[in-house]
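We just call them A, B, C and D in the order they show up, numbering each chain from 1.
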Amino acid sequence: MSEELILELKGITKIFPGVKALNNVCFQLRKGEVHALMGENGAGKSTFIKVITGVFPPEEGQIFLEGKEVKFKGTRDSLAVGIAAVYQHPTTYPDLSVTENIFMGHQIKKGPVMDWKSMHKKAAELLGRLNADFDPHAEMGTLSVAQQQMVEIAKALSTNARIIILDEPTASLTANESKELYRIVKQLRDEGVSLIFISHRMEDMYELADRVTVFRDATYIGTYDVNGITTADLVKAMVGREIKDMYPKPKVEIGDEVLRIDGLCRMGYYKDVSMFARAGEIVGLTGLVGARRTEVMESVCGITKPSAGKVYLNGEELKVKCPKDAMDAGIVLLPEDRHKEGLILTWGLGMNVTLPVQDELAKGRIFNDNKRERELSRDLLESVDTKAVSIFDPASSLSGGNQQKVVVAKSLAQNGTKVIILDEPTKGVDVGAKAEIYAIIGELALKGYAIIMISSEMPEILGMCDRIYVMCNGRVTGCLDIAEADQEKILNLAMLEKGKEAVS
Amino acid sequence: MKKILALVLVAVMAVAIFASCTQSGTGGGVEYALVTKAAGNAYNEKEAEGFKAAMDAQGITSYVIKHPEKATVDAQIQVINSLIAQGVKSIAIAANDANALSATLKSAKAKGIKILTLDSDVAVADRLTFCNQAGVQEVGQALIDAVYDIAGGEGDYAILSATSQATNQNAWIDAMKKIAAADSKYSKLNLVEVAYGDDEPQKSTDQTQALLTKYQNLKVICAPTTVGVAAAAKVLQDKKSSVKLTGLGLPSEMAAYIGDDADHSCPYMFLWNPIDLGKLAAYASIALVKGEIDGTAGGTFKAGETTYKLTTVEGTNASEIILGPPFKFDPSNIAEWKKVY
Amino acid sequence: MKGFLKKITGNHEVSLAIILIVLFIVVDILSGFTFHGINNIGEIFKNNSLTLIMSLGMLCVLLTGGIDISITGVLAFSGMSVGMLMKYNVIKNVPLLFAIAIGIGALCGLLNGFIIAKGKVSPIICTLGAMYIWRGLATVVFNGEWASGENVAAMSEFGNTAGPYIILAAAFVIYFVVMKWTPFGRKVYAIGSNREAARISGINVDRVEIAVYTLMGVLAGLAGALSVSLYGSAQPTMQDGKEMDVIAACVIGGVSMSGGRGTVVGTLLGGIFYAVVYKALPLVGLESIWQNLIKGVIILAVVIINVVSQRLSRRQALARREI
Amino acid sequence: MAGKSGRTISATPNRSFLKTVLSWEGALVVIFIAVLVAGRIMSPSFTLDGVMFMMPQHLCQLFIVFPMAFVLIMGEIDISVGSIACLSATTACLAANAGLPLPLVIIICLATGVACGALNGFVLTKWPELPPMIVTLGTQIIFRGIAEVVIGAGSSLKYDSDNLSPFATYLGPVPIVFIVVIVVAALFMVLLSRTTFGRRLYAIGSNRIAAKYAGIGVNRMRFIVYALAGLMAALCALFLLTQIPAVKSDEFGKGFEMNVIAMCVFGGIATTGGKGNLFGAFIAGMTIVCLRIALGLVNVNDNVITIIIGVLLIVSVLISGISQILARRKLKNKT
């Protein structure tokens, strides 16, 4: 790694309707370094990447490439000078072949028509370089997320990029797949490519990065050597304040068993899942991505149908045909994807909160009782301390953390709830709001609900739960009491494939 | 912002409405109306031309000719309703369907509007009289004789009609069948199928092709409809088929196909003069409004130089006015007539 | 053998082709071996050339995730323009008339594309409005006249030559090459498959979309002129409602309504499938009155079978998955 | 019951008269009045009696506007309604011609419509991955095809009885069908804007998956709405039979689906779902009806009306697109 700068941005300001997404931001990238970019959600990282790649031209500021100023009007321009990006959600074409995904936009041509033969050959070469073992003729949609990410990286390489930007590359990868990615990143670095990567995972940064730049609230906070900054200092830089009690778990008297799942199966998804939850208890359900934790809980809530097995509520067998049955019985699910599953973004907060209970509130169960709905939703939203002006504000106008609070309020709307299932409640929520959500979860346990919390984040599982179930590839591989649980044990169980011994 | 755009929209609409208003420019009261089967059809245009000519000749300006948007009853009812609302005194109509107009015509009758039909009739109770372009018997005779002559006295022939519900086509076809059954002269002629092209060029083309594929021994196709005959003529001539064609067609549309040699698909065909039919309808309308006739058989009125008499439709007590026998168009006179209509 | 079977059932085009061949043979036998004649096959192509040609444009439109229901309105307007130019002896030159029809179509399509891409109007609404406009103009501008017989004799003669076949073949060859081997064709697929990704990878989505609708217009205009020459007449109501046939041909041929999936070969097979059935019904003794009913059943059956087979293969994949 | 921070949230709606007037529906009312005024100026026959006399034929389509609005609000489309009307009218004719009493005829007609709609609903809920456009295109051809087989190509089936005439009468100057349309409109408006049913429709159209997670039986709702569309198409057919007492398989109700969709969209209902209301659709429908009547009375070619509707349709949708773009620009300039 040399001190020579390959890319420098100075005084970048980017304005979107109503907000300054970037405010006078600067950034320096050295030749052959891996540079981490960190910050809370909404700090402006993704926008910054799009400025570098020319998707959004900045309102103010300059970009220098090897000391010379450049202006990008679109991704075409940035690609031409050797800047390529791999985005957070793979931006692939699921209906097209791998080769085509790699070469879209810069196809190899023979005269006016395309030269598929040499493209396939080149694609195979690139994939070989990344140690990927799939056919370039394969349809993109049939690949796993990790494989799709490899294709994206191959695509970046195919443009002979000198600078590659990775936006949250490990977010949806399993531990093994992440390791494979680390290997590729290191390999690229050694080949002289400069990399910028964005990640929420501290371990990614320590594993890979040489330097780290922190953004907060659309402004530049600082650039640090990875070896010269502590985790606490880094978090402080990102959040802007110290967080003392991240996991405010109250002491709760654990009551009787409320929910019991017995031998639940769904063909191709999970098998023989058994677990139970007691009143006032916070049960963690963890595992790697792809362990199908969400799928189990969706079946419990009637979103999908299990092929075998039984669910008991307060000792009685529960027949759930549709989500409404589960809700009437007292099981509430807070889904993982707020935008897709949890909220109607164009609607006001109030209507979102009362949507599941509008029938119960309605006059004669037919005519909407707007007054009762408004009062109930206001009370609930206030009780979870939502930062909003009016219940008529559209859900899309709130930040991620506050949207999550609306989803929580929604789940509290109905009477007779016994079990609350939270699926990744803090995913995409920034550090400050996380603590608030943990506090709410603690309060819910205190009120005597049985709580099941699906989470991939080890600290949150260890900090909040009373008992922890671990799943791997559709099976429950173990149940740990909080007293005996630690990160290593959980990881071992999470990677415990069927018929294999625990890897220690 | 939305407000301004909405106002712009209102303005655009107002302009559009007034622009179209000035374009039509029918001021004053309307008394006489002609409703044809549809816009576009050349035959209908000729009827309208005759109607207009007769009205102009009588010095009447308070008339309107309406071509429905499409050859559907829906479009025709819409047009008739707007005429009723305008308070016309008479409506002459070439019906697209014998049944479907009855409700509308009854409400017109209730408002004292004189209803007469031309070209295609409706149920006799719904109108006062019918301007019949040719006596059913005469047309049937002419067509079956043409088939006999062209086929050389024997062999398979097919009929390509308009729709299976078209009143006059059905009457002519029935007459053809009756005449053929009654006289042993026609016993060697064999009617293989009556196909329906719905008076659409395309469907008529498809039907003609289907006839040719299905019946290898076909000798003659008889198409008693102007749209069908033109479509069939093109198919046969393009294919240089040995099958020949006759029927009822417009000279201007059929001129290219009429000829006695192998290069032409139609040796000869028939039609009456639609211009004259339009004129007849106009004079009959005037006579009805003036009270010279009341729609009962036996009444007479003058149409220009000729005097027409209302005759009884067979089997009913309703009346009709017959224009005259069909006229034969052959290579000797087609060049002259194709300029006329 | 199993692999072979899988290949057949797994690929929409291949299975459609096989069904088509079987159908063809059955019909040929039933009709006493009159069906395979060159004339008959030629007629099938000729009678359906309008649907086939427009289905190419519709393929591209559907690939981008859009739809165009204004095509027959455009067809009528361009066809009427040609017919009237001939009727009033303005232009008699057939190639020039074709060029004019194509030009008119292109303008109509360009307008659609512009409104859809730049005005962010949903394609079905924009083209619904356009359908009303062009169909209406076809009557109003030309005063509701028809042109037929001698008026359009020159066009009509062209319709009787090999011309239509050549146009049809050329259109399919050009589209096959463009869609498979040129960057433009692949961009169309890319947009339908993932619009956001296409934008990010530097594809000018708006421009491609405008081009796609313009091409649709070009083909509709071409079909207008072709219609005049094939049927020897031009009237404002020509081909009314046939846009649904074109969409149906694409869907039967395996083109996805949500974009990204579909091929030129599939479209051709879809168009012919429809045509063969249509042509075959009267030959096997089913009255023509049943044609429409059967047509609807085919459309529904094809899409349902597609979904069922997709579900089945997904189930099989799930059952194979080891847990 | 404020939270820890003591922050309070307002629950009072922010309504203003000005906002209502300046909404799209407000603009539509202005356009509607403009059409009435223009009609009065252009034609002496454009009187209350004249308009009411011509209205029944056009009004029938309005029955389908309401359920179509429901379908569109769900983010779907049903292009089979015209064919359903045709098939229902066919069964009504068969029933009446067989001498069945009027109530039975009506039941048979409406049952046919519901059955057709239910078939759409069944296919679409059994295989939810099918696009509604294609399924209803298929059934569109099938329903009309059945009618064609029953009636015969190009022929017409006569409704051979006078028993429908009570439906064609007038109450004072107002035709019965107009009153029924108003009543139906009111029922549908209440259903959409005041009931849990309507709320569910908007939820499905705005975010289908979230609706499912909130316990809404999405497929059940879809089934009901498609069946409802069938029912209303049959009602439309019944009233249309009083105007056109004969059914032709290739004409009856043809093109209704597109006319009705145009009315809905002109009325501010987005085809992408979740947006719009019935008042807008109703006013838009009435505007188009009155426009047709007015232009028909001054003997303007019907195709001119078609063109105007086409332009209105595109312009009305363009306006919302453009105003969004403009609003975004304005915001940008502010910051």
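Definition applied: a residue touches a chain if its C-beta (ideal position, glycine included) is under 8 Å from a C-beta of that chain, and two chains touch if they have at least 3 such contacts.
The shown structure was predicted, so the numbers you read here are calculated from the model rather than taken from an experiment.
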Each chain counted as touching subunit A and subunit D at once: C
Shared interface partners, meaning chains that touch subunit B and subunit D: C
Chain pair, C-D or B-C, that carries the greater number of C-beta contacts: C-D
Whole-Å gap between the CA centroids of subunit C and subunit D: 29
Chain centre separation in whole Å, for subunit C relative to subunit B (CA means): 35
Gap in Å, rounded to a whole number, between the CA centres of subunit B and subunit A: 73
Where subunit A and subunit C are represented by their mean Cα positions, the distance between them in whole Å: 43
Overlap residues in subunit D, where contacts from two or more other chains coincide: 152-153, 254, 301, 303-304, 306, 311-312, 322
Residue list for subunit C, restricted to those that touch at least two other chains: 139, 144, 236, 288
Interchain contacts, given as pairs of chains that touch: A-C, A-D, B-C, B-D, C-D
Subunit D partner contacts - residues on subunit C that touch it in the complex: 67, 69, 115, 119-122, 124-126, 128-133, 135-140, 144, 236, 241, 244, 247-248, 251, 257-258, 288-297, 299-300, 303-304, 307-308, 310
Subunit D-facing residues of subunit A, complex: 15-20, 303, 322-324, 326-327, 333, 335, 340-347, 349-351, 355-356, 358-359, 362, 365-368, 374-375, 377-379, 381-392, 410
Partner subunit A, residues of subunit C touching it in the complex: 177, 181-183, 186, 189-190, 192-194, 196-203, 260-261, 315, 317-319, 321-323
Footprint of subunit B on subunit C - complex, ascending: 34, 40, 43, 47, 139, 144-146, 148-150, 153, 156, 159-160, 231-233, 235-240, 282-283, 288
Touch list for subunit D against partner subunit B, complex: 22-24, 26-27, 30-31, 34-35, 38, 42-43, 45, 49-51, 53-54, 57-58, 152-156, 158, 168, 242-246, 248, 250-252, 254, 291-304, 306, 308, 311-312, 315-316, 319-320, 322-323, 326-327, 330
